[in-house]
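In the two complexes that follow, chain A is the common piece, with chain B as its partner first and chain C second.
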Partner chain A sequence: MPTRSISWVSKTLAVTRKDIVSEFRTRYAINAIVMFALVTLTVISFSIGLLSPSKEILSALFWVILFFASMSGLAQAFIKEEETGTAMILRLSCEGSIVFFGKMLFNFLLLLTLSILVVPLFIVFLKVVPTDWVLFIGAVLMGLIGLSGATTIIAAIVSKASVQGALFTVLSFPVLLPLLVAVIEITTVSFTGGTFADASAPLQLLVAYDVIMITLSSMLFDFVWRL
Partner chain B sequence: MWWKIIIFLGMSAVIVAAFLTASPMRAANSLGPADVYRIFYFHVPQAWVASLAFVLSMIYSIRFLKTRNMEYDTKALTANKLGVMFAIVAMVTGSIFAKMTWGEFWNWSEIREVSVFILLLIYGGYFALRSAIADPDTRANLSAVISIIFAVAALFLIFVLPRIYSVFSQHPSDSIIDKSGQITMGPTVRIVFFSSLIMFTALFFWIYNLSIRVARLTAKKMLESK
Partner chain C sequence: MFELELKNVSKYFGARKVFENINLDLKSGQSLAVAGPNGSGKTTLLRIIIGLTIPTGGEVLFSKEKQKLDFDGYRPFLSLVGPYLSLYGSLTARENLKFISKVNGLVPSEEDIEKILAQVGLEGRGNDYFSDFSSGMQQRLKYAAALIKNPSILILDEPTSNLDDEGKKRVFDIINSYRPDSIIIIATNEKEEYSLADSIYKLGE
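And now, the complex of A and B:
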């Protein structure tokens, strides 16, 4: 049914648009994430700026920055709904899958904004330039898709619990570990001048991880959303 | 009552046999003194029980989401509690074994050591989530969901990751069966090892049953007091 699928997409986009509008009013998540990333980046630049770390270490540090910065703000998408009491209205007005993909898209856009700011700074401060830009940007994009896909459902789980911030990191880390290993491997290849063929195994893992995690999360989301 | 006596006698027999019969060390991969290899009789069954507990709790989590029967939540929780215990014990015995044979207590390139560590992180996350939710129904629901997500992530870590990441396993792959499915152990070693495996599994299910009975009685008492 084309009409149904069209309305599904537009409803999903409406959820994302609503989040973007309310994010622009408070700028809570984006401020937290960007400042966290800047602070981490500065700490790393100050502590190892005088040394000459290898490119393997730099690619790991790049993802450490992105991981912890995203941990500081991604949980907000659902916590804010629960705190302001708007979660119930959202539950009444659309299906679980719409909310899931809408929030996931919002988190992805948030991370995209973050990495547009962080990537140039990282390159300038730590003096590392990817030799293969396509591979590097592909790794970042696929990594961000996986990051937002796997953490959206964890954010929904955490919004129902107390001590949310710490719990979000604790629950996300074991789930994100395969993703982090794969993207660090690909980023290393793109820094050290390897080709697509060198990164084919981690790329396959990354694609498989993204597809499986997003499918699984969207399947399980209703159990979390409609208690 | 009978279980308790059988397990007590069986465990005692296994412990005595593990120290009195010949060491399970094989000439093919012998590092360190031969007596060290006796820990094999305890380490492998403990690791086996820890993985059994993990799988059991996943099955009960899925069944909980299907039926919403609180009984399954109790079972998943109990399996996880025992899983933590056996995973820690297996990690400690494994570390001692590794120090005596490979020279280091901990080795980040050894996939099984990394995976047991991640397993403990997963258990930590599970219990942290449970303690952060007050309502029992919400708690059961959300911990079942996170269990399933963790299980899928664990599958990635155990089966896919070793292919791309430069981790490798120093664990011999043929210490119990070889590639053609033949048991590689000598006759005495075989008897002691499989008795130990059976006894550890029996010990696990004995504690598991006791914990579930305690949990049921606690729930009943809480209902009566309300």
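And now, the complex of A and C:
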């Protein structure tokens, strides 16, 4: 019989790895979010690209693209588990925290892949280059962590409802609003060449948001997931 | 030694009573068949026992060596096979078993995987995708996934659904091999499956 010797981290990574392998074979979520991002980016670049929009508007548009692209695919991590009947085997196999962090890591990697594709295209199409790359990359990474943490628990909530897609976006928006406000401000600073001090207030908000959101979500996840 | 006790367990969906005041006491080595017509609450009772549905009244108590266990405590010892539970269609049989082992905290060797596949009659099919299996073969793999934990509490809902005669015989052999040491609860309407249990609890009467 198999021996019992796997740590919490290994179990969590097993959930992430399973989702990556499944996603690699079905390409369900990645196709949805990448296609959505590319179409939105193209529409934006054709509609306002010639108008020389301000850096503030461009940074808002950058996050609008990431937000709506993530809305089109991130909920799938849980919806597929519920629809195919595999959620129960997860519930009977491990603690909720393992499922939460495993799925959150998968969602983060999915968003990271999306960002790696979208950032260069955004720079080329909309002709905006961050003057402070460290701040920009920091904002993107911290934003993606918060986005994946919040959307993971919301996806678990909506996976048991009907009209999941619409509900996911509607529920996510108010929860993600503080995050979006902070990352848009930081991205604006990184585009306009402001100092690090100019971004300190939204940075503090962003760090606090990520910590609070992930801690609360992991604590509440068992109640959402088990019943 | 495990003990499962149901004390005055009741379930209502709104005003509709499903069942009321169920009292059961099972110890390792005892098996129970839960019978009853469709809609009598067999699956609901199983879901309450495995901790995935809250009863309207009463409580379910698990203990190991007289030590009370909560859901996280007894989960490692519990396996379920049922028509509403599925494995991952985009993973192979071997990948499914490895994944389920890992999230249960187990490290199976290739030999363990082959042995369990052979036990359910899927030898040589480890690299086939779960979605490519027939419903009977999927049911067999669900048994493999349940047994890889070497469960002390085995919950079976319609244990032989989708299985051919050979598959049924294997499942009977598997259940009989677990009967001396495990608690087994079977929800069924098949009279031939009553022989797998020491006692029968009839719902909806």
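Observations
Here, the second predicted complex is superposed on the first by the 221 of 227 C-alpha atoms of A that agree within 3 Å, B and C clash if a C-alpha of one lies under 4 Å from a C-alpha of the other, contacts with A are read in each partner's own complex, and residues count from 1 in each chain.
Here is the rule we use: a contact is a pair of C-beta atoms (placed from the backbone, for glycine too) under 8 Å apart; a residue touches a chain by one contact, two chains touch by 3 or more.
This one's a predicted model, so the numbers in the text were calculated from it and none came from an experiment.
In the superposed pair of complexes, A:39 makes contact with neither chain B nor chain C. Of the two partner chains, chain C is the only one that A:22 touches; chain B does not reach it.
Shared-chain residue A:171: touches chain B; no touch with chain C. Using the contact criterion defined above for the overlaid structures, shared-chain residue A:6 touches chain C, although it does not reach chain B.
Legend: residue contacts after superposition of the two complexes on their common chain; A:185 is shown touching chain B, with no touch to chain C. By the touch criterion stated above, A:153 is placed in contact with chain B alone, chain C being left untouched.
In the superposed pair of complexes, A:88 makes contact with chain C only, with no contact to chain B. By the touch criterion defined above, A:216 reaches chain B but does not reach chain C.
Put simply, chain A uses residues 227 to touch chain B in one complex and chain C in the other. Taken in their complex, chain B has these residues touching chain A: 65, 118, 121-122, 124-125, 128-129, 132-134, 137-138, 141-142, 144-146, 148-150, 152-154, 156-157, 160-161, 163-165.
On the side of chain A, the complex with chain B involves touching residues 150, 153-154, 157, 160-163, 167, 170-171, 173-178, 181-182, 185, 201-202, 205, 208-209, 212-213, 216-217, 220, 223-224, 227.
Of all residues in chain A, only 1-6, 10-11, 14-15, 18, 21-22, 25-26, 84-86, 88-95, 98, 226-227 touch chain C in the complex they form. Interface of chain C with chain A (complex): residues 50-54, 71-72, 75, 78-80, 84-91, 95, 99-109, 112, 145, 148, 150.
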